[in-house]
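Each of the next two complexes has chain A plus one other chain: chain B in the first, chain C in the second.
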Partner chain A sequence: MVTLTIDDKQVQVEKDATIYEAAKAAGINIPILCHDKKLKPFGACRMCLVEVEQMKGRLIPACTTPVTEGMIVRSSTPPVEKARKLVLELLLLNHPLDCPVCDKGGDCDLQNLAYDHKVNVNRLNDEKFHHVIDYNNPLIERDQNRCVLCGKCVRICDEIVSRGALTFISRGIETKIGTEFDGPLSCEFCGSCISVCPVGALLARPFKFKSRFWALQKKTSVCGYCGTGCSVTLGVKDNKVLTTVYDENQGFHNGQLCVRGRFGYQFISSDKRLKSPLIRKNGQLVEAGWDEALELVANRLKGAGASAAALATPRMTNEELVLLKQLMTQQVGSANIDHSAGYAHAALTEGLAKSFGVAAAPSSILDIQKSDLLLVIKSDAYETHPVVGFEINLAVKNKGVDLQILSDKRGKLGKLPKANTLLHKPGSEVALLNAIAKVLIDENLAGAAASVTGYAELAAGLAAFAPEQVAAQCGVSADAIKQLARTYAAAEKALIVFPVGLAYPAHTAQLAHAAANLAILAGKLGKEGSGLLVLQEKNNSQGAVDVGFVPGNGGMTAQQILDGCLSGSIKTLLVAGENPVVSYPGQSKVKDALQKVDFLVVADLFLTETAQQADVVLPVCSYAEKEGTYTATDRRVQKVTPAIPAVGQSRTEFTVYGDLIRALGGQAPTTPADAFAQIPAYAGIEYAALADDGAFAPVAVKPALVLPVAAATQVEAGKIALLTGAALYHCGTMSHYGEGTVAACPEGYLELSYADAARLQIADGVEVTVASNEGSITLQARISLRMPEGVAFAPYHFAINQVWSGAVVTSVTVSK
Partner chain B sequence: MSEAVAVNQETEMEEPVFDPALAEMVIEKYKDIPGNLMPVLQGIQDEYGYVPKAAVGLVAERLNVYPSQIYGVLTFYAQFHLKPRGKYIIRVCMGTACHVLGAERIRETFFERLGIGHAETSQDRRFTFELVACLGACGMAPLAMVNDETYGKMTVQKVDEIIKEYSSLPL
Partner chain C sequence: MPNPITPIMQGMKITLGHLFKKPITLMYPEERPKVAERFRGLHALKVSHDKAKCVACYLCPTVCPAKCITVEAGEDANHDKYAARYEIDILRCIFCGYCVEACPVDALKMTGEFELANYRREDFVFTKERLLEKK
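Up next is the complex of A and B:
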């Protein structure tokens, strides 16, 4: 610790602190423009100049100068104020004073500083900038005339996002921020640059002229997309969510959001929201009252027993899931309840449940930056959970964490410094992990695990997985496998990360076993920054597992439920928020099943492809309209409260299923707190005490080694291996209704290697027909360096299930 | 006016077809050296006479540097050129001594004869014309240079002679 004096106040801070940080700790406000707590010090704007007794004769930038023992700092003397005023005068010289129409007005650092320093006249005179404003994309407006060249956008895009879309162009007075060859912005549209821009140079276009900043109510919430569980602040006016507001002090991610979180909010107050319940009459869905709709549903469910089933989305709150589970199991008497196609969460409910004795991953997102080595299975961690991707970027770039990637295609993470990617053949991930486990055992790197249950069986069962034996099957050299095993074992703290979800059929219980085995064998569990992290697809995937929204004793899984609809054993199906027609594999089968089932009830925000087939459609609320808890992928339980009232006549599912329970003669918990108290997994957490950062539900690991079965995947001769996965811009199908996400990625595409594209004579951007045994679909071709020869990728959000039947690898032909 | 002169600076000049082999060679040479971006870009400019757009993409991919960052470096340093340059670079000094002795007339005459202004290249890519602040030989003012050749005590007549001389050389 270092002691110094700032404005006659004694301050004690860490020895690597800067003067600015020390002042902040002492409650002394030093003005800044270019500094951001998330970014490395830059020292560009000269607003933070201070006087330091020991460095007389010049003014010292507080944001870049480290503290020293006994330093005497004065933050606001006449020379300091004079210098700051000059800086502001110089900035305002070329900056247009169009504050009345600037969306940043009221939230603008330059405006506030000019006001604070009373810069009401400018002693200098010069022309204003006249740069052309970039309106080339629908999300981010770039007005270089307002830019103060603080470089925060350039730095955040490099340091945190690792995209590097922006840079300083030219030199001297001509300097501006731009892209390569000064072209239009072409990036991930996460909007991080907007969030840190101190002025109105970078603005969110969907929010333009929607509201003055000060007229917005700021409501904190939890993002409703992926399992990362980012905190968000919603900007609300007239009961509509108009934007997301950046708050650098929010969440583990310091307010950092991805394109979905920042620009995907429009679905909440979308005109497409269902306004009232719909009932099918004479083949048409017509508007109806809630009483009529609920009575109809209650009558169908009454005494239905095992002929009824429910599929729920893991976007419902824990409390809503508790109620729906109660409704189905107790009042209706059916154990046929499941979510996300049944297989998508098997890595937890089967895999980790056996390997760790608990259906949850032991590590948290916070472990990423505390680790020594990250073993990332599938580069898609970035696409499925972008903010986790940012954490990985920060860990690798700032903390020097070693990054090892096992993937069937290259990805953005592979471009991080010193990242090592082992590119394996599609569907061979379990064999590859088994080979690594075998090396750990054979080279005596697993000594501590010899007493763990199942060690002998595993050691014997891995006989067929010597690196040399699986090298050809995996397409990875035996040496590379051995090297990776040694590197992994040698790391003091190592964290395995892999995504699960509808689009990742290869990420099964077996993969979870295989990954868990590595962590157990190499002794990586039970340490901070070490262990295993499963990235789950939806915002409450872990919650759905914790609540136990999975088939009960003798109950059917999601796929069996659909089969039951086809065979006639399921007569009433309640689909709560899922959109199987688009997201479950095998579209024709799903459509048939929903067609055949006697009575289909869909509760959703929108008239989705699935809801269009329903007999009754119930309009329900988005996360912004309800109270309850979501459990993020690392068992972080977070509470949301309504930011706006229910849209139209929509009701929360808590009310809907509570009413149905009562209609069927049951007793339902009346408040979310009551329902929350019924979840055994969250026994130690008090609902009322949940604060903004939430609370971690404990994960008690009882490790057991389980021999994973490595299924062989074969690509038909002459065909291309089609992989499914998530696109960066989408999460499930809800993002289809968030205009921002659709603007960034409006339709499906097929990523192809250069070699395949050349062989098939396919040019970038042309429409191609992708055909499998399941069916065919037309997609836009994207030729990409990511793809190895013979492998193609398509995001699953756009009904890729027309050609994909759920197989790990689908053999397809691609033609013009 | 010399007949060999092409007068057209309005239309965007078409870039020659990019042959990545030369750039690959340069990249290969500096691949594993830290801080290699500058020497790679300089090497590429030496090979092509300028830094072609396609080369930026290639360097970005091979060195794992953002294309935007490369563009930032290219626009920061005056030494880099993003458009094809002429075979003969004519530089006219606009420093104080040259200015006093009529550099403006020399500049005007070159412009009249060649039809290209500062930092522009003739359509046939024979000449690139540049104004520079000082060439450091004030005793020879007004001064011009063509590539490494110096021409002191410039006159309007000498401008014509220079253009004639270089126009007759093979491209």
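Up next is the complex of A and C:
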């Protein structure tokens, strides 16, 4: 610790703090323009100049100068104020005074500083800039005329997002923020640059001219897309969500958001939202009242027993899932409840439940930056959970964490400094992890694990997985496998990360066993920065598992429910928020099943492809309209409260299922707090005490070694192996209704390797027909360096289930 | 005690005096009042280059104490900001003139127009078309 004096105030700070940080800790405000707490010190704007007794004769920038013992700092003496005023005058010399038409007005650092320092007139005079404003993309507008060259956008894109889409180009007075070859912006559209821009040089186009900053109500919430559980602030005006507002003090991620969180909010106040219940009459869905719709549903469910089933989306709150589960199991008498197609949660409910004795991953997202080695299975971890990807970027770049990736294709994470990607053949990840486990055992790197349950069986069962034996099957050299095993074992703290979700049929119980085995064998459990982190697809995937929204005793899984619809054993199906027609494997089968089932009830925000087949459609609320809790992927329980009133006549699912329970003669909890108290997994958490950062539900691990079964995948000769996965711009199918996400990625595509494209004579951007035994689909071809030969990738959000029936690898032919 | 007739006489004197002065009463509506230059009557949106000068900066609805101004900005073909909707609910307006004072581009003024009576409530909401300055 270092002690210094700032404005006659004694301050004690860490020795690596800067004067700015020390002042902030003491509650003294030093004005800044180019500094951001998330970024490395830069010192471009000279707004933070201070006087230091020991460095008399010149003014010192507070944001880049480290503190020293006994330093005496004065933050607002007349020379300092004079210098700051001159800095502002110089900035305003070229900055256009178009505040009335600039969307940043009211939230602009330059405007605020000019006001604070009373810069009413400028003693200097110069011509303004005449840069061409970049309107080339639908999300980010770049007006270089307003730029003050603080470099925050350049630095956040490099340091945190690791994209490097922006940089300073030209010199002297001609310096500007440019893109590659000064062309259109080519980036991920996460909007981080917009969030840190102190002026109106970077603006969000979806929000352009929609409202002034001061007219917005800022409502904190939890993002409704992936399982990361990012906090968001919604900008609300006239009961409509108009934008997301950046708050650098929010959440573990410091307000950092991905493209979906920042630009995908439009679904909340979309015109396409269902406004009233719909009932099918004479083959047509017609508007109806709630009483009529609920009575119809209640009558169908009454006494339905095991002929009824429910499929829910893990986007519902924990409390709503509790109610729906109660409705189905107690009032209706059916154990046929499931979510996420029945397999996307298997890594937890079957995998970790056996390996760790608890259906949750023991590590948290906060462990990423505290680790020494990250073993990421599937490079898609960045696309499925971009904000977790930012954490990985920071860990690798700032903390020097070793990054090892096992993947069937290259990805953005592999471009990080010193990242090592082991490219394996599609579908061989379990065999590969087993081979690593075998090396750990053979080389005595797993001494301590010998007493763990199942060690002997595992050691015997792994006999067939010697690196030399699986090398050919995996397409990875035996040496590389051994090397990875040794590196993993040698790291003091090591964390395994892998995503699960509808698009990852390979990431099921077996992969979870295999990954858990490594952590147990190498003794990487129970330490900070170590263990296993399963990235779950939806915002409440972990909650759905914790609530137990899975088939009960003798209940059917999601796939069995669909089979039951086909065979006639399921007569009433309640689909709560899921869109199986687009997202479940095997579209033709799903469509048949929904057609065959006697009575289909769909509760959703939109008239989705699934809802169009329904007999009754119930309009329900988005996350911005309801109260309840979501459990993020690391078992962080977070509370949401309504930011806007319910859209149209829509009701929260909490109300809908509560009413149905009461209509069937049951007793339902009346408030979310009551329902929350019924969840055993969250016994230690008090609902009322849940703050903005939420609370972690404990994960008590009882390790057991389980021999994973490595299923062999075969690609038919002469065909291409099609892999499904998630696209960066989408999450499930809800992002189809977010204008920002659709603008960034409007349709499905097929990523092909250069070798395959050359062989098939396919050019980038042309439409190709992809055919499998299941069916065929037309997609736009994208030729990419990241795909190995013979492997193609398609995001699953755009009904890839027309050709994909749930196989890990689908053999397809691609033709023009 | 003063003479009770005196106050009456004094009053009558003033009345008599007025017979020889210019009448105060205005024979409205046949006779029109002369409105002062700085009178604060109905608003008008100034026009320049055949367009409203207003850039939809939202300062007038922000400053308006009666919350009678509704602005919705739009983006024109040149990506510039303009008022796609500009309405003043004259029933709520208190004619304080803050909106004119706040306008950074001098796009708004208050005219001498004071005859604002009407039959239906919706007629008191002056839309952008009705507010545009007539030349």
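One rule holds in what follows: the second predicted complex is superposed on the first by the 816 of 816 C-alpha atoms of A that agree within 3 Å, B and C clash if a C-alpha of one lies under 4 Å from a C-alpha of the other, contacts with A are read in each partner's own complex, and residues count from 1 in each chain.
Assume a contact is a pair of C-beta atoms (placed from the backbone, for glycine too) under 8 Å apart; a residue touches a chain by one contact, two chains touch by 3 or more.
Please read these numbers as outputs of a predicted model, since none were measured by experiment.
When the two structures are aligned on the shared chain, A:Y135 is found in touch with chain C, with no touch to chain B. Judged by the touch definition given at the top, the superposed model places A:L166 against chain B, while chain C stays out of reach.
Once chain A of one complex is fitted onto chain A of the other, the partner contacts of A:P100 are limited to chain C, with no touch recorded for chain B. Once the two complexes are overlaid on the shared chain, A:W214 sits against chain C while remaining clear of chain B. Of all the residues in chain A, the ones that touch chain C in their complex are 99-101, 105, 133, 135, 141, 208-212, 214-215.
On chain B, the positions that touch chain A within their shared complex are 53, 56, 61, 64, 66-72, 75-76, 82. Touching chain B in their complex are the following residues of chain A: 158, 163-171, 178-182, 415, 785.
Residue ranges of chain C in contact with chain A, taken from their complex: 55-59, 62, 73-75, 79-81, 104-105.
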